[in-house]
């Protein structure tokens, strides 16, 4: 079946306008819809192409259309196409509060790498052992941008933003139970941070954090190119 | 008017059962009701007697019945009677994240002092400048119990609980705006803390934290007496 | 695989700072991650080591690394290491409103026992038959600290706090339906208690209540030692 | 101005159908609208007529049309007409947890009395001093119906329902702060009560509780008449 | 195992105090706990004994201890013992808005019948076809008490309360989707009803409505007996 | 000052695209901003021009620029320009549940009239006296479209939609207290209505309902013109 | 079994009053209840008959009673009877923001077609590629009414309402995760739209949107017939 | 009084660590506390110093200590010290949906200018007149970073992010009423945006958006300097 009969209307110029090709949000789509959309986007994109929140079945369908596609089962991220080598637009430090936050942190890391960013992973540095994040202060400052991933009380971004001059993108996760309310506690905490200048993305949205980092680092990259 | 006709039915034996006299919650009561209740409780209590969330008008009425009563305008706390000198049951560190949290921290501090506790005030040590709380680690550990007061993202109790072995009572405050939702963000964050063992009281409830600390420290005090 | 490659960064000094080793929060971690983390913590800790909210599969992995580990299937608590005998730091009364609250009460009780506390279990004493809790008043007062576990309307901590002079830690549970909203009704009720001095932990967080009790009772224990 | 031009369309037969005349909800109405509506209802009703949540200004307008109307400033209840003497349909016990709940309890009591019910007021018997309500058990059982008014954690109805065989109508009040969320904590607690058979009305709705009690007691009254 | 070792502490005098034996809330209990508790209550009760929200497995365990127990699979209600014949305390009309509300309405009906009440079922009379409820006005008025069960917008109790003089107990159900929020829309609507005098029980709590009706109708029954 | 320096960027072609000129939302704007915007829109519009939620001060400023502007103090609606006579696009019935809902109903009615619609006002027909709305069934059916305004439990639209074949636009109002939650109860109820086909606007948004009715009735009007 | 014994009380005159036969809401009903209700409604209706949110099992039961019934598995819509050919009452444009919104858009489209409306499907035109909706402006304006279906941030209706003069019915969908809160974000956004005149139906309620469109377009159709 | 006795503990090294001096959050502080804190920070900072959410009274106190301080009455922002001339770190486009959003947009703009950024203001370009934002596409792309300010449905950031390659910081505002819930609708919408890569700050937090933009643009600025 072709694109229109499948209920697809791809935004082929998104990459030209925004520097990032349209991403395919997989939930609610058939494997065929996901695969056709991804195949078309890969054909037209010059940079990275992603499918988010995919299932194994949707990935299998994509794999037939885009042979080199890679799947991260924990986050559901499919990297269907990577930025060309040498496109490195900068580096991002991805800081995760706990090991349970790794699926979200990995979604961010793998998306960032596919976008051509260098990634420095700093994990399991929750605020109850605050020295763990302090001792990585220089690594964080060395990156062009920081993504901080945390569930439960979501306190880590406030601490990090007080330690570095870098842009801080905070990702609340749904890790926790009870009053964590599926990430709401972390989300509200990050939005209410006493450290001004933190910008927040949706709960569990590692992918969105990577794209925000990419937009940020390209500003510097273009400056460099001039 | 007498107690019954004023709609009062005081629990005169509360102090004997719990070690703490009944407190008068002022909102919704007439100045006369507050004053009569407070006067009666002062007459029967051997230890401290409090009125909470009082207005200046209610305090004026209390002052006529209980001449030595003291009023903290910012928190609305009236100390109508203090524990006897020498009754010191231990010491509490009261740690406040920001200067804006002081009214709540002071409610806790003044209630604790009236209960006979020694208070060590450590203020304006928010997590965006994390060294400020770390450098007071010994003062915190020196106290028998810690009350941590914080609004906005409410992250400070998690950091403190990771630094000390002392019981940590967390008080969320309504400091903040927008997604802080009048203290809800801080409350949920404290309840969801990655540092297990934190116990939380109501938003802006410095008074309750002081009473919890008093209960905790008396366990040790009685042990000492034996 | 080693610790770092598994995304672990254990806080080995947590026990030295806080008297309680880092606990492993199992959800979102692979069995291997849980097992390696637990094994490392057991090796370094002098006192109790816990895993919370674990599945049977995660326990099986832990069991291979830490042979004596014990699993409570209802609450998901793994006791990987116990405090040394003779380390008794005091006693805690664990009061549960209903039989349905037992899994949470048992999480608290088993964690407390592993920490070296003596536990007195008082169960099924909900407020609709209020004499049941009143008749246990002396047992409650005899403990150094009280943990009160209740779902539905969460009224029991208010009643208990009015009967005893002991520190009261309230644990709301998700027992109930409809307007109980998975423990929210009990949580809000406990935070809003008319009995000042109650401190509250997260919904279903029996483990956190045990750790709070342990911190409280050590204050007295150290006093005793002097 | 006449009724229609004032935007009024009174339900004159309500009393015939339900035994209770239409009540005038004052907020959002002009004093003139309130006065004309009340005057008309008084003219047609054989029993009690009420205005709820009225302001002093609205009462003044009513007073000119219905000279004997009585105003309770705290609750805003206007009793514009009372049931005829001898219409006593039974008795209701109105139990209030705290003195701060009195405005709501009085709205219930005065409405009940105007409807011809005998009222027994039992106030300031909160659950932190549980003996206070237990010692009134016989008075409660002696009434035909019980209205229990409580704010904060809203625990009193559960205790009362476990002590009496009488119908229990629970009224949550907005007394409290922080996590009491303007009466939400008490409302959810009462709806989630472990004591089945409690029926709940809106927050601060003493008036509705009185009308529910009146409906309940008339069932018995009619039985008696046969 | 005996009662205590199973974590049970039955309130055997509940029936004497309240006229209704303690009910067993099944969720979170083992089949053995449910069965032992039910058997004990049946042995001591003179009237009806219930288990609520039970599973088939829990019922099977009860069936071995109480042979005549009856199970309503849709609502999970077990009637373990019925009131004695001739104990009829009155009649209740159970009015359900839609056929989808039947499981909740049946829980109410079967509990009421087991308590000795006569039940008149009036179903599928939602407000979008308002004549359906109006035409049953006389049947409703003929009962001593009305239970109105409705999900979605929960409008039916307001209409019914305007048609009858009988006590109205409203039961919101979780029928609906989206903004119905699992019964929250119906619950808030019923609490906010423009028809004063409606009393509301928890979402899906047909059982509680039956017990409330039983309390109400016994007031009249006792009057009759005199 | 001119438009740009005042932070205005009017959408002068809105009316050409949508048939309705841009409306000025007054809150947060200075009187000067409101007046300049309104003046410009009046100059360019061929049909009605509105300002919503205005204060008296903002109206005074508008009045200097647009002499014939009319102000409805209760709703804050300013009609700055009316549709030309003879532009009648149809008729709308505006049905309000209670007299307290009149400010919102009048905002709808006055906006509809300014747009050239004929308005039939049917007020104070709440569902507790359901005959009141049934007896107006023919008037409702005679209109081309129905706007139903209701606060509290918001039940009226469900009843009306079951009585008429006309499009039903439901407007929840903030009339009520407690669990009405400022209109939330009515909003959720209307969205969850058992009568499919009801479309809902924002709480208290009588203006939006009028504009929706205008869009609906123009479909028919244009059909007529052909 | 007959209708009454199945707990059914069909509103056979609904179609005569409202122009739309009663719809069967399937959840909570047995297959037999759904089938008998549908069969009866098909027998009495002159126009379309629907079952909503049905399962495959419920459809199978309907299929035995109504052989020509058609099932849309994704939305659960059963079209049991269609409007007669030639009954075309107008045309509706159904605009969906994303391919993931298709199940809801198709529920709307298939219901609209069964009601005799012509449907123009415009899909995958989300606001991040805003040209996609702008370029379909004429198709939208050519329809008599627009249904706009969108999840996530629910922005599309605001854009569409600014481009067309047609009535706009907005359908929020539960597409999204985290802060989308199962459609709540889209629902609140649509209700708060800066484009006045948008009317909103329940989350995922494509069926209700179709019925609203049908009511709207019949106003014009009847005008035409005159 | 000195700093400590006022409850202040300034983080003088914040600027060295993060490139931005500590900001003073004014609510809950006395004028003296605000003034002393601001004076100290001005003395130690090399760059900009801010007070947020200040009142006129607090500004007056600051003015005595820091003569050149400037106050924006609408947002409460005090610029106590500006970055040195020539420190221009880049340019930011500040895009506001409506004129009512100007106070928040101005807080962002004035903070950005004080930090040395060039600001391009693009206001009143809401999505109901979507051409207004499209026609400014080049101005937006010309900036290094975009701040998008919107209340009500908060749709503008999604549209902007689809038009530009620049980093997009979204600021929800509390403009709106009813279901806008004081900015919650806009906040949830922005977090749920279909345009990945948007980062969000707190409701009405124009100041935080400016600081985030400053962090972002300095990455490029430093790159330039090399």
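Chains: A, B, C, D, E, F, G and H, in written order; residue numbering restarts at 1 for each.
In this section, contacts are C-beta pairs under 8 Å (C-beta built on N, C-alpha and C of every residue); 3 or more make two chains touch, one makes a residue touch a chain.
These numbers were taken from a predicted model, which means no experiment stands behind them.
Listed by label, the chains touching subunit B and subunit G alike are A, H.
For the pair subunit B and subunit H, the CA-based superposition corresponds to a rotation of 90 degrees in steps of 5.
Looking at G-H alongside D-F, one finds more C-beta pairs in contact between the chains of G-H. Where the sister copies subunit C and subunit E meet, the same residue numbers recur on both sides for under half of the interface positions. In whole angstrom, the spacing between the mean C-alpha positions of subunit C and subunit F is 56.
In whole angstrom, the spacing between the mean C-alpha positions of subunit A and subunit B is 43.
Between subunit A and subunit E the centroid-to-centroid distance comes to 51 Å (mean Cα coordinates, whole Å).
Residue positions of subunit G with contacts to 2 or more other chains are 11, 14, 25, 98, 126, 128-129, 161-163, 178-180, 187, 191-192, 194, 202-203, 205. Chain pairs recorded as touching, per the definition above, are A-B, A-C, A-G, A-H, B-C, B-D, B-H, C-D, C-E, D-E, D-F, E-F, E-G, F-G, F-H, G-H.
On subunit C, the positions that touch subunit E within their shared complex are 96, 98-103, 123-125, 128-129, 132, 175, 177-180. Interface residues of subunit H facing subunit G in the complex, by the touch rule stated above, are 97-98, 126-130, 134, 152-155, 158-159, 161-163, 176, 178-181, 184-195. Subunit H contributes residues 6-11, 13-14, 22, 25, 27-29, 33, 37, 53, 172, 174, 183, 187, 202-205 to its touches with subunit B in the complex. By the touch rule above, subunit G contacts subunit F in their complex via residues 11, 14, 17-20, 23, 25, 52, 90, 144-145, 161-169, 187, 191-192, 194, 196-203, 205, 207-209, 211-212, 214-224.
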